[in-house]
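Read from first to last, the chains carry the letters A, B, C and D; within each, the first residue is number 1.
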Amino acid sequence: MGKIKFGILGGGGDSLIGILHRVASSMFDKYELVGGVFNVDYQENLKFAEQLDLSASRVYENLDTLIQKELALPESERMQVISILTPNFLHFPMAKSLLENGFNVICEKPMTTTFAEAEILHQTLQKAKTVFAVTYTYTGYPMIRQMKHMIKNGDLGEIQKVDAQYYQGWINPIIHDIEKRSSTWRLNPEKSGISCCIGDIGTHAFDMLEYVSGLKVESILADLNYLYSDNKMDIDGTVLLRCSNNVKGVICASQIATGEENSFVVKVYGKKAGLKWEQENPNYLYLMQDGKPLQVLKPGHEYNSDLSLDGTKLPPGHPEGIFDSMGNIYKGVAKAILKQPYNAAEFPTMIDGVRGMSFIEKAVESHTKGNVWVDIHNY
Amino acid sequence: MGKIKFGILGGGGDSLIGILHRVASSMFDKYELVGGVFNVDYQENLKFAEQLDLSASRVYENLDTLIQKELALPESERMQVISILTPNFLHFPMAKSLLENGFNVICEKPMTTTFAEAEILHQTLQKAKTVFAVTYTYTGYPMIRQMKHMIKNGDLGEIQKVDAQYYQGWINPIIHDIEKRSSTWRLNPEKSGISCCIGDIGTHAFDMLEYVSGLKVESILADLNYLYSDNKMDIDGTVLLRCSNNVKGVICASQIATGEENSFVVKVYGKKAGLKWEQENPNYLYLMQDGKPLQVLKPGHEYNSDLSLDGTKLPPGHPEGIFDSMGNIYKGVAKAILKQPYNAAEFPTMIDGVRGMSFIEKAVESHTKGNVWVDIHNY
Amino acid sequence: MGKIKFGILGGGGDSLIGILHRVASSMFDKYELVGGVFNVDYQENLKFAEQLDLSASRVYENLDTLIQKELALPESERMQVISILTPNFLHFPMAKSLLENGFNVICEKPMTTTFAEAEILHQTLQKAKTVFAVTYTYTGYPMIRQMKHMIKNGDLGEIQKVDAQYYQGWINPIIHDIEKRSSTWRLNPEKSGISCCIGDIGTHAFDMLEYVSGLKVESILADLNYLYSDNKMDIDGTVLLRCSNNVKGVICASQIATGEENSFVVKVYGKKAGLKWEQENPNYLYLMQDGKPLQVLKPGHEYNSDLSLDGTKLPPGHPEGIFDSMGNIYKGVAKAILKQPYNAAEFPTMIDGVRGMSFIEKAVESHTKGNVWVDIHNY
Amino acid sequence: MGKIKFGILGGGGDSLIGILHRVASSMFDKYELVGGVFNVDYQENLKFAEQLDLSASRVYENLDTLIQKELALPESERMQVISILTPNFLHFPMAKSLLENGFNVICEKPMTTTFAEAEILHQTLQKAKTVFAVTYTYTGYPMIRQMKHMIKNGDLGEIQKVDAQYYQGWINPIIHDIEKRSSTWRLNPEKSGISCCIGDIGTHAFDMLEYVSGLKVESILADLNYLYSDNKMDIDGTVLLRCSNNVKGVICASQIATGEENSFVVKVYGKKAGLKWEQENPNYLYLMQDGKPLQVLKPGHEYNSDLSLDGTKLPPGHPEGIFDSMGNIYKGVAKAILKQPYNAAEFPTMIDGVRGMSFIEKAVESHTKGNVWVDIHNY
């Protein structure tokens, strides 16, 4: 009863990933953030926690202290789940400690920096028997869930081809500058593991294809691209796939696809039909059938599966961005209340409300009088 | 320092508008919901508050009690702003009381049910001098803010035409059924005021055109549509506009545009260029210039104005839906932690993490060995 | 047996409308252009005819001569149909003469410059009993024909709303320049009749709504826009419609919608479903039904009506532009044959053919050898 | 002076490829079809020629006769260029004969059935020194020409990645039926050469990437897909590319991408920008630049290169389909003139013209009278 007690490691300050996890955890009124270790610098840590109105007593210097102190609390007060949002190389040791101490864990991807670590973590979980989630975020989209459902349901018939493209262009200004490419942590194997492009986005494509299709990728042939001989990390690559049921496929990934933002496209073709989804327009799922009109499925409609509908909060036609749009209005109001500087365009005021009422009444009046011109009140 | 103490009137249970305001208020870590009156039934009210982990002491039987008790609290603990999410006819009396008692107010639209009420409220605010916002939600979109900025900045030159279409089809199954149309509160003037379509969505179009263009609509000519003689409320209509600076325009609104979901399209044309925006794909702003390539602006880019960037939390290419996608994963994890039934597809598990690490390592191995086939670990 | 003998009035030189009618008439191998009056200057006329390899004996000085000489020919050689592509004010007298002399006529729009002329022409046709077509070109699109078919077939149920938008921005650089706007024939009532925007494009929207819906527009209320007091012709306007069966609708037309090219959008909503079509992407017809996935119909599929399929020459997925693409290749080859200067990029040469064969054979070789790298022949 | 004398081999009856070449050759008034060998059956051949109003004297029994008789004609009457539209295995011997006898040749793709034949043909052309074109049709699109121009012009900077996808689903109903797949000529190596998917569409992708990028593909690694062990021809495949300048790339081709029509997508990324084009919407060329708004280039605008503009006949906003739309109207008129059965919806009649004139006059009247309702004439 009430909300799940929730802690976070990392994600302090303006960290995007921190914002993402805080907002996401608040979305269904299921989690209450009670503390964590947001920053390696303890003072920053405390300062950030104060902004969030968290009790300083639950803001810890490091993970060890957190574990020790939380375990000392009565179970009803103790953090039930902890999200790991720290740099990649810390995922493994932190997750391992948390599991060994009986915590549920939500871990950002990549889960570890090597497969060997991943195997150890898996063994640890076998003993811990807690809940462990890796945040391949895109699998939570309502239309991806619908895609998975339809494939499982046999709507495509036997799968005969899988294809994922994940194209970005962000590394372009870095990779062509010898200074920048030698100093970016993303291209430093010591900090980022053995792969940049495949490790960061190819792995999303891999997980997604397995998620939606229910197939397992069994073997692969990869051609990676480093562009410069002094660059040690792939920044582009194509991977041929052989999956269970003799299905072939391909993953195309790139961080040098200049001007692409986050073009992640997933296609699965079966004997009876095909399905296509694009991350940049995530509310559209395209169903292609031989000789029939293309169908475009959207979230929130009754024709979707329970799995998809469970992940939709809004009625059809309202993209999720409306939360953010309303969030921006709340942000503007907050500034006004706190007497901080703000732009008058940040939220609609009573004048907008008054003029709106005038518009409605005058529209009815114009119509009733026989479609004549009438004046809006001057406010 | 800390968050703004925040109360809500209405929005209890599964209310969409309640979810929208709670999520929105949490988005920038600026508000802390401390209580309110979520439901007219006090027991429901308490039950709902418990789900949100709110203290029962801040859950009130009605607005009068809320005002009285909150005013009795020290100012540092008192609710600083209260959102009104109740049925339309309650907006006016509640907003008036709150203003008269010095509270900041966030009020859902329509602000009142008549223009007369709106004028009174406006006078009340003149005395109260608090912050008052009406949630014309769409004005918070980053690309709408950018549209406003560009027009103000003169990028379009002098405005010469404004056009808004707001087409929905949801009333279709109601309007053609004599039983349903006589029993829906939306079509009952006593509960919904004098207009259905213009009042509900036409007014969004009106506010938006004024918001983005900076023009004032001065007079209108309306042709409304009732379809049936026993139907007392417009469910479709076209409104001709004459705005300041002699600009003409048109608002087309409909709730019988069968199959349309929430097709709100805003177009402003100036001497130098035109801008177009569509609510169903809110991340695209189209800049049209004579003899130049169409430009498509998207949120989060440096080329946007501060006003727009202040409302963007995500890097380019990540639609806001990603919060919801991550939110869905958190929801699934919550079910698992609470040992509620859940679908295995609700969140990625450690197996996904392990396979992902195998994929990365094997991709590099395949490439390094000369683009040969290698097997993924069997997990 | 054989082709229809075909003559043209106007359309000489680089005239776009001339090209359009010549290409269109050749598309189904049904017409043979035998002569006409292409230009008021007889020498230009002859020169142009020579380019088209037409016999000089069928190139006439004016319409009167044409009629006289053609009537003197045996019926089997005589022009059977004549297209009128001259400036608007000549449509009426030319069409009248041709009808009175028993010719079939294809006439560009607007058919006349006044309604009075149109009535006279109509009376003339009653006597002539020949074939007379007005080229509202857009009604020939396969998906418009399908739209008409589906509405007639009852797929939408009873129509409850019609809406057409026709937005262009081309007059923008003219209308804001006092010199240009006073000297353009388009804005000169003596040359162009009483209306610019409504007459040129509003009338397309009007015809289209009647064509697809089968309704008749019975009365209208128009608000036109002239922008400048010295401008005598509307260049923008909104027209409210009342149609048969008490259906309401709206036509929005503009030539000052800056940056719009030829944005003609047609929407018809019925009790059961809605249909939407956009001229700039004419191969997509959108079927919207309450609570069902959006359907996108495309040309050439069996699910289309005979009327639509009769107008489709290409298999699904091949936009009509492919004729033009191939036409461009033929144009380049013609230049090469005629030893005119041309760009090497204008047509693929044998080297492309040779490399293509190498690619195919090498792809099979790479696969057969176990997915290994092989070299393409060096051509 | 006059048109190029033009002959065709194959393409008789309802052959799509015949229609395509006839329409294309007529588009710029440069070619006059004078004869050919349209069908192996001489009677069919003559019958078809009669439909086209061709002289029977230029319709030949076979290619040898054609060559002999045409060479006997005075050069001014002789066919100057001959298009080969016959089944693939005839391309080589026909092209070879024609070249050896001094004719210019336009040859459908694939140019031959083996690389060895292609080499011989190339040698033949070295001696013949005539014009020889292979119709990789898609290279004629205005926006493909613009893409090539911009890349050559350096707008993308140095190329760093090329990618082409060509997905169709048409073979789906054939490949899964053992009867059909063993009897289709497309899957019979004796009739179609060694490859189905790569040979038919992969080769388009290959040619296109070389055409637009100016790069040469130097080596490839292919993974083809046959689906069934008794199927001898690839029907899907991915080809990794290594191009000149060390550029990597990929071609994904499929005929089992269920429900895809003709989804040919071409992407080229350079250091400075990227360009994307999709065959199904060929009028849009997407220019992507880091940190700048997406630009969408369209045909006919002054900002395009001469090469592109030379291939555009229509003003911006008018897709090429308008030729077909007008062609359909002409087709309907032909039926009416020939007193063949036709649907009244096939062309607009004078009534449409009369009503259109009423609409224009009444719109102006409504406006002039102060925006009041007026009636359309009843026709």
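Criterion: a residue touches a chain if its C-beta (ideal position, glycine included) is under 8 Å from a C-beta of that chain, and two chains touch if they have at least 3 such contacts.
The model shown is predicted, which means the values in this text are computed figures rather than measured ones.
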TODO: Go through the assembly and pull out the chains touching subunit C as well as subunit D.
DONE: A, B
- [ ] Quick one: point me to the chain whose Cα centre is farthest from that of subunit C.
- [x] A
- [ ] Determine which of the two chain pairs, B-D or A-B, is joined by the larger number of C-beta pairs in contact.
- [x] A-B
TODO: Just give me the whole-number Å value for how far the CA centre of subunit A lies from that of subunit D.
DONE: 43
Task: Mean-CA-position distance for subunit D and subunit B (Å) - done: 48
TODO: Compute the distance, rounded to whole Å, between the mean C-alpha positions of subunit A and subunit B.
DONE: 21
Open item on the list: If a residue has to touch 2 or more other chains to count, which residues of subunit A qualify?
Closed with: 221, 223, 240, 260, 287, 292, 294, 298, 371-373
TODO: Mind listing the subunit A positions that touch subunit C in their complex?
DONE: 221, 240, 287, 291-298, 301-303, 371
- [ ] Would you tell me which residues of subunit C are touching subunit B in their complex?
- [x] 156, 160-161, 163, 167, 169, 172-173, 176, 221, 223, 225, 227, 236, 238, 240, 248, 250, 252, 254, 256-260, 267, 269-274, 287-290, 292, 294, 371-373
